[in-house]
Amino acid sequence: MPSLLIKTFCFLVACALASACNNKEFEVGEDVESPTPLFGTKILLPSGLGEVNTSMTNARGEVVGVRCSTCHSMELGGDVPARKAEELKDFHKDMKFNHGTLDCQSCHNPKDRDTLRLANGDSLAFADTMQLCAQCHGPQMRNYNDGSHGGMNGYWDLSKGPRVRNSCMHCHDVHNPAFPIASPVFAPRDRFLTSEKETHHE
Amino acid sequence: MSEAPNPDTVGGLTRRDAVKAFGATLGAAAFARALAPLSEWKDGMDFDSFVQKHYKELGPNDMDVVLRRLEKSTKEEYGADVEIRDIKPLDGVQYGYALNLSTCIGCRKCAEACHIENNHDRATGGSYIRVLEMKQGSIDLEHGDSTYEHPVPQPNRYYMPVQCQQCDNPPCVHVCPVQATWKEKDGIVVIDYNWCIGCRYCEAACPYHARRFNWAKPEIPAEEVNPVQAYLSNRIRPQGVVEKCHFCLHRTREGKQPACLEACPTGARVFGNLLDPNSDIRKVLATKRVFVLKEELGTRPRFFYFFDK
Amino acid sequence: MPRTQHSLTYPQFLLHALRSATDGSKFFYAWMTFLTALVLVGANAWAHQVNNGMALTGMSDQVSWGLYISNFTFLVGLAAGAVMMVIPAYLFDDHEMHDVVILGELLAVAALVMCIMFVVADLGRPDRVWHMIPGIGRFNWPISMLTWDVLVLNGYLIINAHVAGYLLYTRFIGKKPNPKWYLPFVFLSIAWAVSIHTVTAFLYSGLGGRPFWNTAILAPRFLASAFVSGPAFVIVSLQIIRRMTGLKFGDGPMMTLLKIMRVTVVLNLFMLAAEVFTQFYTGGAHVTSAQYLYFGLHGKHALVPWIWTAIFLNVTAAIMLMTPKAKTNMAWLNTACVMTFIGVWIEKGMGLIIPGFIPSTLHELVEYVPTLLEWKVMVGIWAAGILIYTLLLKAATPILTDKARAHQADED
């Protein structure tokens, strides 16, 4: 009788140990060789770079934009180029400007309005605006290049397919770059989950 | 003990026996009537569904038969033509996912994309992702709110989407009595929806509220059904089984980004192969200060959170 | 001594059981009809649940276990409580208890059948129960505690059914029972009774994501409350059985159980106090569920009246049981037993299972209110269990009073 109990006890202990051993750690494995990217990453550019929108539309219904030099070759800006948005009295009035302590000449080239300029004076095409962003926002640019800022569509494995990305300017208006506030998608509609009221506790 | 023959018996049966037999018949009929609603329930009650083996025991031919049967029943029940595949894990791949808490604005577009990609029930607006609005300065989930409806982002708040962490030490896998859920070799914890018995022990065990139960049959209009499906991921799940995020394995096992990542407008989500030293996820792990949720529970998640600063 | 022909006597035994189950007074028929009606209501409700999904219940992804698992947990305790009769009868040679211990074993059988019914009622896919059968399905033993529970509960059912069945059968055929056919099982059932409720507690206490349950004291608490609810039920039911059947026994068994309860009610309350202290003194993450349960949280307080009622019932019953009146005044004793039975039922179910889910793992506060359908299924299963217990007693008591005997072929 007692031997049966002892045998049962030993069996149960063995099972417990077996279960502990069964709980093998999941082995993540060794690093592999990085696959050769066979596809590229395409960075889209928004339309209207280096252009100002007019009130006209073309035959396709698209807004017609004019290049900066259209007006600026006529020196409509006056003798002293504006440095602050508040100085703009007649044109570019509907533009919102809130980009830290920058002024217009930080990025715009008064000598060639169809280009931008870097801090060292080098010219930069409007298509390369992102480089200008990166000039000051290095961390964000590094994040962007590493894939942790700015999102993407496409493949995580570039040996299997391409990637498409937005440029900085798609999300950040260069003159007022703060990411806009938006309404979120609806809250979870779980059964019995009600909205939490803000109450004081502890 | 012998008795004198009882004139009230007919062939050995007493009147009492006859009444008992009548009562028993009445009872049986009442019982059948009580259980009548069961006869209306046909979901997966054909013989083949009933005896279907566990995913791991299905050979390629068996799996084909199962997939065709499921495609056919999806067409019958939902009116949608779908293609269900069985997509195996890639070699040399271990998935990892990271989330940038400095960049997430709490728009819930990821949750919406998951809802659409994974054929969730429309009425409950289900999604595997739950976004918590957290108070600046605390990662205590006690101060999180998932029900916010105001414009985002709010000042002094940050946003933390939570979904299945695909733990390396998953409590849900340990507790399942029938091994309906397991961790695949590429790290994704999957569920065989045709094996799950719906006991919801895994749902109790998960520390991240990642597992969801089909309290009713999912309802999706035919035109909204995502027809690109896989057996272990986004096929339309039956009533009475558990489901959860599967890192969009029908996409990611072909090298594509998961749906939630593609939907994120700020690019707060980073996904890739942990074994590839040049992958985006490895760069995050190398350069950012990452943490995981509820680390003290020893679940070893594959989902990492980080701040830019 | 003519050799027993089991092929003749065993069918007689079964036939006797069938006959006695369906023979009785008008009261008996009314009782059985009433219970059957409740069972049918429950069965119908369950059929609707299977057909339309568990959306018909009040459970949610946040509170994913409710009335069914609460009752299951409580009933495992009730089944384990039967061991409180076995220990005095077999380990301490309490002869009076020995005469009635079989009634406790039959109670365990009925309670375990109820447990199994509650588990099946809670399954989202009851048609897939066969997936759990080792060999045919996939049985995740030994890692999943649920598989341990399946083994120990079915094992305990078999042990008790065997012991009770063997003793009744041997009495029926007028033979002295052979100790080697039942004594090892009796002693096994003592250890096994402890194991069923320990394993059930381990289902909960092993989950790191549920701090309200993730405590070592959970298993001892389960056992203490089992050894309160079991004896409480048996004390009251023994008196009912003595009144309704020809079974004759003194107050001895009740008094023994009372002595046991005087220890276990206090132990139960002590362990509750220990839990409450640890939760509230430390505060922090571990207290939110307890806060919700005892005082409400963020304006949600559905369980507060329940838990305080349970505490009131348990404390009052404990005091009542400690007084000398409990030994002499049967009404006093029975009231205390009923009170503590209900108190433990509330404390196990609403006081233990539900708060484990509130707040959820992401700290969402979703309350749980069972729907009418769940109450119907619960009532149906309780009625089925009581019906089974009634049938078992109805079959057993004529044998125990030696009124039912097998006819041997060469006897007359």
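Per-chain residue numbering starts at 1, and chain names A, B and C are given in the order in which the chains are listed.
Heads up, the rule we're going with is that a contact is a pair of C-beta atoms (placed from the backbone, for glycine too) under 8 Å apart; a residue touches a chain by one contact, two chains touch by 3 or more.
In this text, all values refer to a predicted model and were calculated from it rather than measured experimentally.
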Nearest-to-centre chain - CA centroid comparison: B
Relative to subunit A, chain with the most remote C-alpha centre: C
Subunit A and subunit B: spacing of chain centres that average the CA atoms, whole Å: 31
Whole-Å separation of chain centres (CA-atom averages), subunit A against subunit C: 60
Overlap residues in subunit A, where contacts from two or more other chains coincide: 23, 190-191, 193-194, 196
Shared-contact residues (touching 2 or more other chains) in subunit B: 130, 146-147, 174, 215
Contacts with two or more other chains, residues of subunit C listed in rising order: 55, 60-62, 143, 364
Of all residues in subunit A, those that touch subunit B in their complex: 23, 25-26, 28-32, 34-35, 139-140, 143-144, 146-157, 159-161, 171, 179, 181-191, 193-196
Subunit B - residues contacting subunit A, complex: 92-94, 98, 100, 103, 105-109, 111-112, 123-125, 127, 130-131, 145-149, 151-153, 168-169, 174, 183, 187, 215, 252, 254-257, 261-262, 264-280, 283-284, 287-288, 300, 308
Parts of subunit A lying in touch with subunit C, wherever the complex brings them together: 1, 4-5, 8, 15-16, 18-19, 22-23, 190-194, 196-197, 199, 201-202
Contacting residues of subunit B [partner subunit C, same complex]: 1-2, 16, 20, 27, 30-31, 33-38, 40-41, 44-45, 50, 54, 130, 132, 140-144, 146-147, 162, 171, 174-180, 195-201, 203-209, 211-217, 238-242, 294, 297-299
In the complex, subunit C residues that touch subunit B: 22-23, 36, 40-41, 43-44, 47-48, 50-55, 57, 59-62, 64-65, 119, 122-129, 131-132, 137-140, 143-147, 150, 203, 207-210, 285, 288, 356-357, 359-364, 407, 412
